[in-house]
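Note that chain A is present in both complexes that follow, paired respectively with chain B and with chain C.
Moving on to the complex of A and B:
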């Protein structure tokens, strides 16, 4: 019983995941004040640590090619326990969506539209996303390849334009922090951008791809997204040096420094646009997944009726989540990685093990 | 049938509603309602104002904030009064505890809104710089309209005088300053101190920040702005300065020089060189006895641009002589600047940071005593000059021997 019957290609699936990871480049902030000039190391190790996680998601996708995450739960844990786990995920997806929504609001407010009320920005975003959602997943991910290309180009252009300000000494000294800080940084990177890929377990049944492809696409998405993340952090460290941790948004400050004579400066608007696009995409995916989850839990076939109500809920929820961005940053550094871990790592792992023991997908294939 | 009709109409209405949103309800700024701030000057409250203020105690926290505003008028509009030379910059001044309070006050008292995006320079008055600026510049970092590229400079006397200067070359003095620093940036990037560079040094802990000093000079009734050297900060307080000559020594120590001139004088005559390229390599380490050893190797390529004297020398003798001469001159200037820095305990060369980067483990043990170590530091200076060209002529007229 699939609620959304539209299909997407494997490539689109891959670009959607890349886009999703890229949307988290803003999060380089969260590790900057933990690992300072070694933030790139944390970004690198965080990515590497996630490789097994990617493998885990891939295995689940291969084991249950026609079922999304919630249907997997129903099958593995039975209808009652499965619903309980699904409800947990419902909270997880909606919270994640709301957090990203507030991120977008704060970001736009801080960068270009200071005086515009937050709620207006959020409503606009949700309305546009809702229009996409009505047509199902195929429209949600349709422009992901375009978004990825734009994000890449801006990254590459910014690095070229900043070449004259890059100081490689800024990376020294390496390994100057206590070891615990590296673990904290790695954990943040692992949990926040990569672990969130778990939402794609809700979408994979809609993607047309073979068993072999799914692994390949996941790895490519991981590689492209990780590459963006790493190079963003590298660029920011090289340009900003020891002031990196001072700013709430290092990439923005870095781009503001672009200055080639009088002609080429004030480039930050490019970054702002790219980030708005990427964050919008991430919100749209999370929004879609939340709607699907609610529809599944309430056994509603026509999910279209749910779209606006879930959106309204996400807006109000998002507005009340954090009293201020400082609290948000603090929780992203300290608590969020721990709260997310069960949803991103433990439950998928447990599901995988239980499914293996019960030899579940084998019965299905016959 | 009816449903379709309804949806088409509702769609049209929706489109019309969107057009209302397009105009934007918030965050619109019309150019004619803006004051574009081109320079900000911070000064200690002037003495004369202090006496007028009955509340003397509270005065210590206050500072004079001067905003220089470029007029947005296009040249075509005021065609009738082109003859009368009107200044194209407006100065607004007020005294408040903080920069933003002042700006808000000025905002209230003026017909337009301040736009800070295009601020070119932050000028610190000398007295204010001496009393510490860490608690003064927060607004320049925090405010979203402020950019990290803004130049940091110190005014030789008061910042407002520099902003008020009426120059021949450029109508707005802060644009002039920007042009001047951009020009010097082509000589060496270390001349141009942006807010980011300044703050980066303040955050180092052991490094001392520097900032160029501008001076207002009156020459035959005309006002001119000159670069007078560099202010040296210890923590956030200005403690001294480098003269123009010493500033050159400092710039050479930092390397990466692409232009510039060098003059050297001896008993035999005077030689002027143009710097084609000057690189400095540095190495810092710990001596066995616990003192710091710094090695600076300067590699310079020069070109001869003017000679006076040196009569009786053949070009063959002269060239090696000039090489040694210029090497000694570079050494002298670098040492002069270094002496000033050592006397002030101000590590303007970021040797401490270098040491931290190269020897992070040892650094933790010596960080506390860095000031003392820097003061007693030995500078091992090696200068290698290449002088490949003599210019268009090989000999000078004075050198020429009378023809038989």
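Moving on to the complex of A and C:
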């Protein structure tokens, strides 16, 4: 049952995934206090570890080109168990959306709108996203290419302007942490930005692309997003060194250090704007996927009348999840990767194996 | 409190009225499945009632099993 019949191009699908990864740039904060000046190693190893995960998502997309994740569960596990697994994913998508929504609220409040109540920021974000959702996925991802270009431009410009502040000795000493810290950093990077790409298994039937293209676009998105993530961490370490963990938002502090005489300073506003755009995009995708999941679970063909109630729930639920950003960061470092891993790795892997054993989808060769 | 009630009434008018007109009961179930918890959480927050965090509770449960960093 295709609920949203609007279509997007393969390129839009690719840029949407890139944007989704880029929106997690702020999450470098989570690994900064785990691996310190070696955070770039965690970012690199996290990216490499995720290559098989990307292959897994690509395989599911190729095996079931016309079915979203919940339809795949129905086919692989049957209608009853499939619905139970789908309900779990419904919680996962809504929680993920709510967490990112409160992240956006906290970030905006901390950087540019200190006096505005948090809840007002969240309501404004959800209302704008709801307007996009009413028009379907085509409007949700329409400007992803523009957002990716802007994010890349700001990253490149910031690196150029910070060349005079970069000290290569800030990377030293390398491999100075216990091995467990590298594993923790790698797991955080794998579970939080990259594993979340599982949400695109809900959107891929709307993308017009061949089987060969799906793999190509997925890999390109992964490399473009990973490149941004890695170079952001590299830039922050090169400028801040092992003081990286002292700041709640290292990229913001790094850009604050741009100072070319009286002419160019206070560059962090560019980063703030880009990150607000990217986080908004990520929330919009998660919001869309959450609404689609609810509509699919309840077999509702017209999803428009669910948008505002789901949005209202995401706001109020999000406000209960973490009492403060410090608790959020601690949870992201200690337990969240374990909570997310079944949804991002174990269940998709199990689904792939069961589908192979049952030779699904029937009558199709991969 | 008044703002919460106005906001949620607007959502009711915008979405529930068309649902009732179309007699789409599945849509009504989906709508109330999120509308009622959202309204409840909003009122509890307004009354300064502390709602336990699901993520922190899950985290504590995992820590009790030794599954954490």
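Basically, the second predicted complex is superposed on the first by the 362 of 366 C-alpha atoms of A that agree within 3 Å, B and C clash if a C-alpha of one lies under 4 Å from a C-alpha of the other, contacts with A are read in each partner's own complex, and residues count from 1 in each chain.
Heads up, the rule we're going with is that contacts are C-beta pairs under 8 Å (C-beta built on N, C-alpha and C of every residue); 3 or more make two chains touch, one makes a residue touch a chain.
This one's a predicted model, so the numbers in the text were calculated from it and none came from an experiment.
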* Asked: Does the superposition put A:242 against chain B (first), chain C (second), both, or neither?
  -> first
* To do: Pick one for A:336: touches chain B only (first), chain C only (second), both, or neither.
  => second
* Could you look at A:359 and tell me whether it touches chain B, chain C, both or neither (first, second, both, neither)? => neither
* Between chain B (first) and chain C (second), which does A:320 come into contact with in this model arrangement: first, second, both, or neither? -> second
* Determine, for the superposed model, which of the two partners chain B and chain C contacts more residues of chain A. => C
* First, second, both or neither for A:5, with chain B first and chain C second -> neither
* **First (chain B), second (chain C), both or neither touched by A:212** => neither
* Structure fact -> Residues on chain A touched by both chain B and chain C none
* To do: Could you pull out which chain A residues touch chain C in their complex?
  => 34, 95, 99, 123, 180, 184, 187, 294-295, 298-300, 302, 305-310, 312-313, 315-317, 319-323, 327, 331, 333-339
* Structure fact -> Touching chain A in the complex, chain C uses residues 7-8, 11, 14-16, 18-19, 22, 24, 26-27, 29-35, 37-39, 41-42, 45, 51-56, 58-59, 62-63, 67-69
* Going by the contact rule at the top, pick out the chain B residues touching chain A in the complex. => 25-27, 141, 144, 147-149, 194, 196, 199-200, 203-204, 356-358, 360, 363
* **chain A to chain B touching residues, read off their complex** => 110-117, 120, 169, 172-173, 175-176, 240-243, 246, 253, 256-257, 259, 265
